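Naming follows writing order (A, B, C and D), and every chain is counted from residue 1.
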Amino acid sequence: MSSTKSDIKQYQDLLKQYLDTKDEVVLYQAEQLSKEIKQDVSPDEIIDEHYNTLLKLIPDMDSQIKDSFEFLIQTMTSYALAYKEYHELRTKQLELKAEIEVAANMQNTLLSTSIPQVDGLDIGATSIPAKLMNGDYYHFVQDDEGNVGVAIADVIGKGIPAAFFMSMIKYAMESFPENRMYPKVILELLNRVVERNVESGMFVTMFYGLYDVQRQLFYYATAGHEPGFIYRAQEDQFKEIDAKGLLLGVKKEVKYNQYVDEIHDGDLIVLLTDGVTECRSGDRFIEREEVLDVIKENKHLPAQDIVDNVYKYLERLQNFTLRDDFTLIVMKRSS
Amino acid sequence: MSSTKSDIKQYQDLLKQYLDTKDEVVLYQAEQLSKEIKQDVSPDEIIDEHYNTLLKLIPDMDSQIKDSFEFLIQTMTSYALAYKEYHELRTKQLELKAEIEVAANMQNTLLSTSIPQVDGLDIGATSIPAKLMNGDYYHFVQDDEGNVGVAIADVIGKGIPAAFFMSMIKYAMESFPENRMYPKVILELLNRVVERNVESGMFVTMFYGLYDVQRQLFYYATAGHEPGFIYRAQEDQFKEIDAKGLLLGVKKEVKYNQYVDEIHDGDLIVLLTDGVTECRSGDRFIEREEVLDVIKENKHLPAQDIVDNVYKYLERLQNFTLRDDFTLIVMKRSS
Amino acid sequence: MKGALTTVPIIKELDIVGARQSGRNLARDLGFGSVDQARIATAISELARNIYLYAGSGEISFQEVQGASPVGLKIVASDHGPGIENVSKVMEDGYSTSGGLGAGLPGVKRLMDEFDIISDDNGTKIIVVKWLR
Amino acid sequence: MKGALTTVPIIKELDIVGARQSGRNLARDLGFGSVDQARIATAISELARNIYLYAGSGEISFQEVQGASPVGLKIVASDHGPGIENVSKVMEDGYSTSGGLGAGLPGVKRLMDEFDIISDDNGTKIIVVKWLR
């Protein structure tokens, strides 16, 4: 617990100056000084310096006041200790954070997917982790005929363990053949992968969709995933995607239902994770309608802008602290 | 930044008592009090309380001293902030540690491999991480004819990112077909997987061996991995496994050499990572010969006991603090 | 002064001190003690320095408010600077806006009871409140 | 008193205060200022409380020493209690020996300049030194 004795001298000068002038500018300087010396001087040392400066200015100081400083310094010892621990903790935290950041970057690289460029289908997507590592996941594939497969998934839980588990899902999906695969088949295969690692205690919700670009049909199946929406341009309203299916990893052999919807010009397909709909602002839960309203207001924009604007809107409502990983995909048919 | 006002009242009483008695027992009580209120009361609030108590005791306090307290409190604001951050940091640190532990358990489950039971080949293996998560990896496979494939690998680096990357290798290996695959082919395939994720900046050393149980032949190839040893029972000595090959992930298309050795009755195959051979005791590096001596002393035991005894020996030499992940495999032919 | 607004323009560095002084006077009038006065002054410094350093100019305004508690001091710092690109980033500890040593916006948030920020191409507005306890 | 040894037995709780007082007097005589006196007293409290709570009885001894600096105060806390089973664990933050709120041995280590500990079935000996700067 060493201190920069030269810096602390400034304390003496400023204190004298303040006692002479009582000027706010000196308090401002004291604040700036305290920021600078904070690293090296602990609070009990500040008080000691304060006391010594006063002693020089007022040699005949009341003996009670003198004694009171001994008492104050003893009380401050605990704070000095906490203060030292604080600096050590910061160093440790930075190391750990750096390690996790490397892992998170790696995850970003590993999980990266590019958004397919398709005539007549404009796609926007974003996925933002609440902590450093993401336990949400989205993925696009495109087959030879240009049809677009889209996966959106959420590991129950967040942080490092969830992210770790999600990388497993990714490798499993990459091992699938590249030709057109229907949503129900993919979920059934993935269910087996997750179930095989059931001891990990992790479960995954996933929605898988296949957009047939020739016939403008959207096939989909869900494994307990947060329902998405289809915006019907003609009716100017959102319809919840009504699908059912068990989470991945709960049972060994699960059969998933497959659904299909026609997509018309100006319609939007909105896929999301519960981090979008269950976000909270203080004590108030944000209603799903509020999210949909923001999408509607932005529906004339390119899909990526819609997605980005919804994120910005909800980020602010949540005071810039996400409570859960946030993933949103918008697919917009425009011929 | 709220404070427990009832606790802080005790400060006043103790200070008064101290000014009356100047007794060490009161300072002792002040120390105990400060430990108790530390959670809720920040250092600037302590000083404020101190000042107010003094004001009551000495109503005609020198106005310079009064002003000096305003100045001291302003200086303490930075410390109050650091203090609040300290409490938040402690909470975060505990959360993060718990998270990493969950991920480490998951990794253990995911990377688990069972040791093949083969007539005439006794296998022992262990892998212990230096930190919470393991950047070493070993894996066994067995084909229809009972031949044993063995992989041992080390990500350059340790901790979370290394462990994360290793799970990628695992999934890549699981996606390979199950029929008999030769070491060089496996390394060439894995090299492509690692190279494809080259932005991650991670490299992997790996040794892959295939034990032909019919003909008692050991085929192997290495990707820059720490050389293992074959103990020749007839000569009663260890021979370093002399193989060469580039680390995984450095170049796009790499061809690996494949080697083969005959294994005779009583021979041992020893595979390891550099965490075994490069372990240090204080300033002294442990010689590879020392490790081999321990293996030789234990060679009459079952393979798993050999492995466990070597670990115990080196763990103690290193003062129970591993500097790198530790992985050791022993395969013992006994007809 | 309930509801009444005091505004201090921030153009040169010395205006930071002027804003502190106004804020401190108002806080004292409202009944805030020395600790809170010092904390409010520190928050004002940080907000005003940000304006001075990153937006060039702007203003800090003060208002007496009622809400969670009968008396509160609301401080609004606004500028027409370039705006903050990544607000969440700036709200992280260790990512200081005013050159390393400052408390930064997370510090301002810790010093006050309420904190809100709006930032876009048209500038930045930060609204904070301290309630009298 | 160079090299001379003062020993304070720790048997009842009040002995903790006696050990603090002896340590503080010696520290003052050696030229330590108020801050270091308070830190030394706090370290002594922690060591003496550990003896009182976990070993039942023991002693704290003080000695003037020379070394890294011309003047230092060496404090030895020893007991014949059950010993500490896992020293690495006890030296971790958050694993307090004296019931949650204490600074624990990591705190003692932070308060002093040197720290050593020997613990086995025959008891525990903790040696700490504070150097005069």
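Rule of thumb we're sticking to: a contact is a pair of C-beta atoms (placed from the backbone, for glycine too) under 8 Å apart; a residue touches a chain by one contact, two chains touch by 3 or more.
The model shown is predicted, which means the values in this text are computed figures rather than measured ones.
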Option reproducing the contacts of A-D, where over half of them reappear, out of A-C, B-D or B-C: B-C
Quick check: how many Å separate the C-alpha centres of chain A and chain C? 26
From the mean C-alpha coordinate of chain B to that of chain C, what's the distance rounded to whole Å? 45
Once you find the CA centre of chain B and the CA centre of chain D, what distance in Å lies between them? 34
Rounded to a whole Å, what is the gap between the Cα centroids of chain C and chain D? 46
Among the residues of chain D, pick out those that touch two or more other chains and give their numbers. 38, 41-42, 103
Chain A residues counted as touching two or more neighbouring chains: 27, 31, 35, 38, 70, 74, 76-78, 85, 89
If you go through all the chains, which pairs of them touch? A-B, A-C, A-D, B-C, B-D
For chain A, which residues are in contact with chain B within the complex? 11, 14-15, 18-19, 22, 26-27, 30-31, 33-35, 38, 43, 46-47, 50, 54, 57-58, 61-62, 64-65, 67-68, 70-72, 74-79, 82-83, 85-86, 89-90, 92-93, 96, 99-100, 102-103, 105-107, 109-110, 159-161, 164-165, 167-168, 171-172, 174-175, 197, 199-202
Chain C residues within the chain B interface of the complex: 33-35, 38-39, 41-42, 93, 103, 106-107, 110-111, 133
Mind pulling up the chain B residues that touch chain C in the complex? 1-2, 44-45, 48, 51, 69-70, 73-74, 76-78, 80-81, 84-85
In the complex, go through chain D and note every residue touching chain B. 14, 16-17, 20-21, 24, 38, 41-42, 45, 88, 94, 101-103
Chain B residues touching chain D in their complex are 24-25, 27-28, 31, 35-36, 38, 90, 94, 320
